[in-house]
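There are two complexes below, and they share chain A, which is joined by chain B in the first and by chain C in the second.
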Partner chain A sequence: MGRSIGKIVNPRFMGRKQRKDLLFAVVLLLPTFYILFKTFLFPIYQSLVWSMYKYHMLDGSDVVFVGFGNFIALFKNHDFWTATYFTGYFTVISTVAELVLGLFSALLLNQMFRGRVFFRMIIIIPWAMLTLVNGLLWKWIFQPGNGSFTIILKKIHVLSASENPLWLADAHNIINSVVVADVWKMTPFMTLLLLAGLQAIPSSLYEAAMMDGAGFWKKLWYVTIPQLFPILMIAVVLRTIAAFRVYDILTVFTGDPTTSISYLTFNKAFRYFYLGEASAMAWVSTAIILVFIVLYIRLLKKNSHEV
Partner chain B sequence: MFEPTIEQSTIRNEVKPAVKLKSKLFKTKSTDLIPPFYLWSGLILLAIFTLAPFVYLFTSSISKTEELLSGHLIPHSPTLENYYKLFTGNGAGEFIAAMKNSVIVSLGTTIFTLFLAIFASYAFSKVKFPFRNSALFTVLAMQLLPSISIIAPLYVMMRNGISITIPFTSFVVFQTPPLLDTVWSLIISYTTFSLPFAIWIMTGYFQTIPKALEEAAIIDGCSRMGTLFRIIVPLAMPGIAATAIFTLLLAWDEFMFASAFTQSFDSKTLPIAIREFIGKHSINWGLMTAGGFIASLPPVLVSVFLYKYIVGGLAGGGVKE
Partner chain C sequence: MKRGKVLFLIFLVFILLTGCNAAPPTSGEKGEAKDEKLSWNNKKDLKGEEITLLWVNTDGENGPRGKILKEFTKDTGIKVKEIAVDYNSLYNKITTAVLSNSADIDLAEMDTIWAGQFMEGNIAYDLADSVPKDVQKKYTQSSLSSVMYKDHLVAVPFFSSTKHFYWNKELLAKAGYNAPPKTWEEFREMSKKLTKNGVYGSAWSWKQAEGLNCDFVSLVYGFGGKFFDENGTPVFNKGGGLKALQFMVDLTQKDKTVDPASMQWSEDDVKNAFATGKIAMMTNWEGMYPDLNDPSKSKVINKTDVGLMPGNGDVESAAVTGSEGISLMKDSKHKQAALQFLKWMSTKNFQLPMFEEDGMYPTLEGLYDDPDLKAADKTKTVDKIMKQFQYGQNRPNAPGYVEWADILSAEIHEALLGKKSPEDALNTAAKSIEKAIEEAK
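Let's look at the complex of A and B:
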């Protein structure tokens, strides 16, 4: 094994030490690479192949090569565009909300005050909760009649006693509620990431800004945000990638699979067993996320060069 | 010639804030932006927004069904009835089986992931070899790909059983029976998804350990494997702990693979069991919130008590979804 890989890099240019290192690395990495190849890289390649075929897993029909047929059918499919719209809507709204709330929470928690550790610890609770339970909890909160959202609105007289709106009546309202659930669960993640970034900002910058008579908003705009910018970008890209694959919470809120691409893909594959079409759809998600991954890696590399 | 294109500090820089955290905790800072009144208003809002839904989950679970239906937010006569029903009533066996499966799957995934990732991270952080950085960034990319990309091929793989062959030949070394509806299908697929981020975090931590320590150990007659287990693993314990926590939480939380690969309570995990509380006609909210609270308790307790490891891991590039 060592020799066959050695050939690729031409062993004549390698010293004895280097060859020994290479062999050692190969031994250490072999199990991991084998597993990742077998259960990750190969399946991704396989789903690309399947996306070119008409492949139904259960009905026993022939597997037929259709080229880009699945993709063309997909782009003509109304459900797919509805799902894309909702996924985009969910991703943008929840990421922006988490960014803004996370930034302000991080600013609060970066100050000195008694009980800071306590506050930093409790914000981790929503993040640690099961995603599915989080979904059910918010569905319960948004129940018409006896859900706490309705009850609280009635107590503070925003709603009159006789009103009883259905919060989860249509797809838009459902997505908005799912955004609330996701913001509640994932803002802490944003907060903790940004908090780590805030702690790295040298205090001399704030002192200088204070000398110039800058207030809160000016300090935020001219010191904090520029200094935090690399981490802000990374946090936004990470959340975008994660929000894009929303699935768990939606299955609790609605049986309507057109509310996200993941949901639609999952149903295509495991409810109707059209593996060819499902693979095509999965590859659309994969391609979109790959763009963000490239962006993320470039951001990471850029940060490391600047520092 | 094969020097890494990116300085090792790539990852070290990511870890640094976590180290700084401790020293900054006890100092007053001139970076305080927010005046006390706004600070405390904000903190109170933050605490309410964070805790109220979680408290509501608990208070609902100790309420009588009639009180929930008539819209009491705070139970007038708290009762453990729902918990009692959960563990002794109809379907209690299934809930307990799901708890058992969740424990087996999370622990199994964590053990496999750590075992594989320790060796891989050692290679990535301490051994020089060609294409090291490209391989590391490929691993990072895999960490971020959605599970939906590979779920259908993995399903077919689990249905047929996994065969381990010698690459480029048709010689089968080992063939497993079909794995659908077993905990193994979940352990294997979760390990696949945890490995990339485990390698990424641990490589970062391993790189922070000075080379001098290793060299000293080698001069003292330690083998390279010896230095891994006597020097690096003990020193990188915070990183390994963070990785273990993220892997545990991920395996405990995962829903998509579990709903595709499991059919019976031989393998159903807690998220699936709780999903099934949404009955055909109506939801028993009392029972549901009790089940949800029990299922959420282990990850919440782990996160709160091991908070500092999680913060260090997040700063080191850990992503748990």
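Let's look at the complex of A and C:
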């Protein structure tokens, strides 16, 4: 029975029973499809329609069709560009830092040593933590004066005794602080992905490299990284997509919405209820993320061909 | 490729089926449902009905707020389903319910600044005709005005609140003062003397958020200025308003008597810092006691006091209000039962225990002379807190306020960090807010 359901067969070449089966399958799928449509597809379409309107839901003003007016206003909006800049900055810095740290901790965890299983287990803890909880934790660490971040930096003489920076006051500092908190939380994700990739590299390659007299760095450069490259790219694209949407941790750190596009969009949508402008903004950031998603799918396809 | 076409076709069909209503509703469609007539002195039997109340309660059902709901059910026979949230989730909870056209919530706590959105956005039911005029007169003027938007009664007053001035008696005495400052100039001079040995003259909730605007409003009126004029135009960039921000910048940049962490603190952080005994003076809401006298939370037991916010020149004192109300949701299916709750809330049965156990200040004028309330006042602060209520100053509650407030706090914060001059910051804020007002028309 299940034979014909898995793949779509041209109905003209189906037997009667097969056609009945297909119909039955469609009937079974319809409720799920309807719910998915109503809760997932339709809102996407609706937001596209809304992005063409001036729609201030809570101030009693009239709904007006403005065409691409919201998009034009958006590109002229200083806050939008500030938010885009910070989002880009955050995405690049945090992804690169996580990649480098993640690669080295993956290499470390790939070695044989006592307690390897234990370390492989505990490294997941930051990643498993709720972003909001992580934010509250770091907000505490980032207190000026007696916060542990300041104290540690003073102990290792990065800061002089008289300095007392405000980690969470000025937008630039906030973004750097968020990078630190995010790197702490998301490096394990990188590590796990890369560790899986490392284990797939055949040891014969390393043996051959060693025969040729390669040291640690040479092995890393000529064997590990090229072999790891496909998964490295996937990890980077996945992190980029996620980092681009940074939002929740910022709400804990600051009330400044220009620190990320998602934060700005959220404020427009669910604090001021300017739903038209918010929809337009959401579509612009979706378009940017879409570029990365296409890249991601391409990489996945390329990988599966190679295997 | 074929499969893609099929899916696309199905998608198109669905859009055609439902697509007609993807456009936002125009004002005509917003559903002006005919409102049933509600009666304050209801005679109908409502026993067994259940209402849903969304409010701030972080102590659970056995905390003071949970207990009071059981009392209500005992008195009236109406059951209450409580949705308890923290203050920061309250606004989103309400608006999400509204966006999804849900009628699940009958009553919701409302902060004074949301009144305009609640009315214009069709969230709340206008209670102006349902609460009799003589009942309305029983509330304190400040608590009633904070739930009014134009002529609409958007909520029933829930508790009264303003900011107050708190000081550490021990630290002041050490610096040679036996009384708190009466004017902001005195405050500035005292701060200079108090700031030494790791102690700061004052700490504030100057994180870029609404708490910053609240302190600014107190100071604007304290310096004889005005926040918005009668026509709703921002005027905080002139006179007293400008002086207020200059004062704030002087404290942080010139005198350095403000704990620098203030730039990333909200009200609770300030309270915690004050409780460690390293801060001499602060402004904050009610509800500091009994925590400040609780040995597990505080190092300043019986060392602190509360009184009037300082003034300046002709102004004796001024403080921003933060009173709240409980709104009846427009989509509620149990309006009459919900109104019974609002009526019961406006009695001593509710307000006295809430004061005694939760530290919330009554909205009924008459209750402040009540001997039972005086007896319940263990820290002897009622009279001092009450006095400040007469100097309360409201923030605007027009629908756009939430956006204006974000604009303003961003600019003030820039000035406090020394990135902009106070004049520049306030002028930019006023201009942007005027533009936002214009666009919302």
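The rule is short, and it goes like this: the second predicted complex is superposed on the first by the 267 of 307 C-alpha atoms of A that agree within 3 Å, B and C clash if a C-alpha of one lies under 4 Å from a C-alpha of the other, contacts with A are read in each partner's own complex, and residues count from 1 in each chain.
Here is the rule we go by: a contact is a pair of C-beta atoms (placed from the backbone, for glycine too) under 8 Å apart; a residue touches a chain by one contact, two chains touch by 3 or more.
The structure presented is a predicted model; accordingly, all values stated were derived computationally and were not measured.
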Practice task
Put chain B and chain C onto chain A via the superposition and say whether they clash or fit.
Solution key: clash
Practice task
Applying the touch criterion given at the start, work out whether A:90 contacts chain B, chain C, both or neither, answering first, second, both or neither.
Solution key: neither
Exercise for the section: Using the superposition on chain A described above, determine whether A:58 touches chain B (first), chain C (second), both, or neither. Expected result: second
Problem - Residue contacts on chain A - larger count, chain B or chain C - result: B
Exercise for the section: Could you say whether A:149 touches chain B, chain C, both of them, or neither, answering first, second, both or neither? Expected result: neither
Exercise for the section: Considering only the touch criterion stated at the top, classify A:271 as touching first (chain B), second (chain C), both, or neither. Expected result: second
Practice task
For A:44, decide between first (touching chain B), second (touching chain C), both and neither.
Solution key: first
Practice task
Considering only the touch criterion stated at the top, classify A:166 as touching first (chain B), second (chain C), both, or neither.
Solution key: second
Exercise for the section: Examine A:28 and indicate which partner it touches, taking first as chain B and second as chain C; both and neither are also allowed. Expected result: first
Practice task
Give the one stretch of chain C, out of 57-65, 129-137, 309-317 or 327-335, that collides with chain B after superposing.
Solution key: 57-65
Exercise for the section: Would you tell me the residues on chain A in contact with chain B in one complex that are also in contact with chain C in the other? Expected result: 8, 38, 41-42, 46, 50, 57, 143, 145, 270, 275
Practice task
Within their complex, state which residues of chain A touch chain C.
Solution key: 8, 33, 37-38, 41-42, 45-46, 49-50, 53, 55-63, 142-145, 164, 166-170, 254-258, 267, 270-276
Exercise for the section: Could you please specify the touching residues of chain A with respect to chain B in the complex? Expected result: 8-9, 13, 18, 21-22, 24-26, 28-29, 31-32, 35-36, 38-44, 46-47, 50, 57, 104-105, 107-108, 110-113, 116-117, 119-133, 136-138, 140-141, 143, 145-146, 148, 150-152, 184, 188-189, 192-193, 195-201, 203, 206-207, 210, 216, 219-220, 224, 238, 241-242, 244-245, 247-248, 251-252, 261-262, 265-266, 269-270, 275, 278-279, 282-283, 285-286, 289-290, 292-293, 296-297, 300-301, 303-304, 307
Completion exercise
The residues of chain C that touch chain A in their complex are 2-3, 6, 10-11, 14-15, 18-19, 22-27, 91-92, 95-96, 99, 116-117, 120-121, 123, 207-210, 259-261, 263-264, 399-400, 402-403, 406, 409-410, 413, 417, 419, 440-441
Fill in the blank from the handout: Contacts from chain B onto chain A in the complex sit at residues 1-2, 6-7, 9-10, 13, 16-18, 20-21, 24-25, 27-36, 39-40, 42-43, 46-47, 49-51, 53-54, 56-57, 60, 68-71, 73, 116-117, 119-120, 122-123, 127-130, 132, 135, 137, 139-142, 144-157, 162, 164, 188-189, 191-192, 195-196, 199, 224, 249, 252-253, 255-256, 259-260, 270-271, 274-275, 277-278, 285, 288-289, 292-293, 295-296, 299-300, 302-304, 307, 310-311, 314-315, 319-321
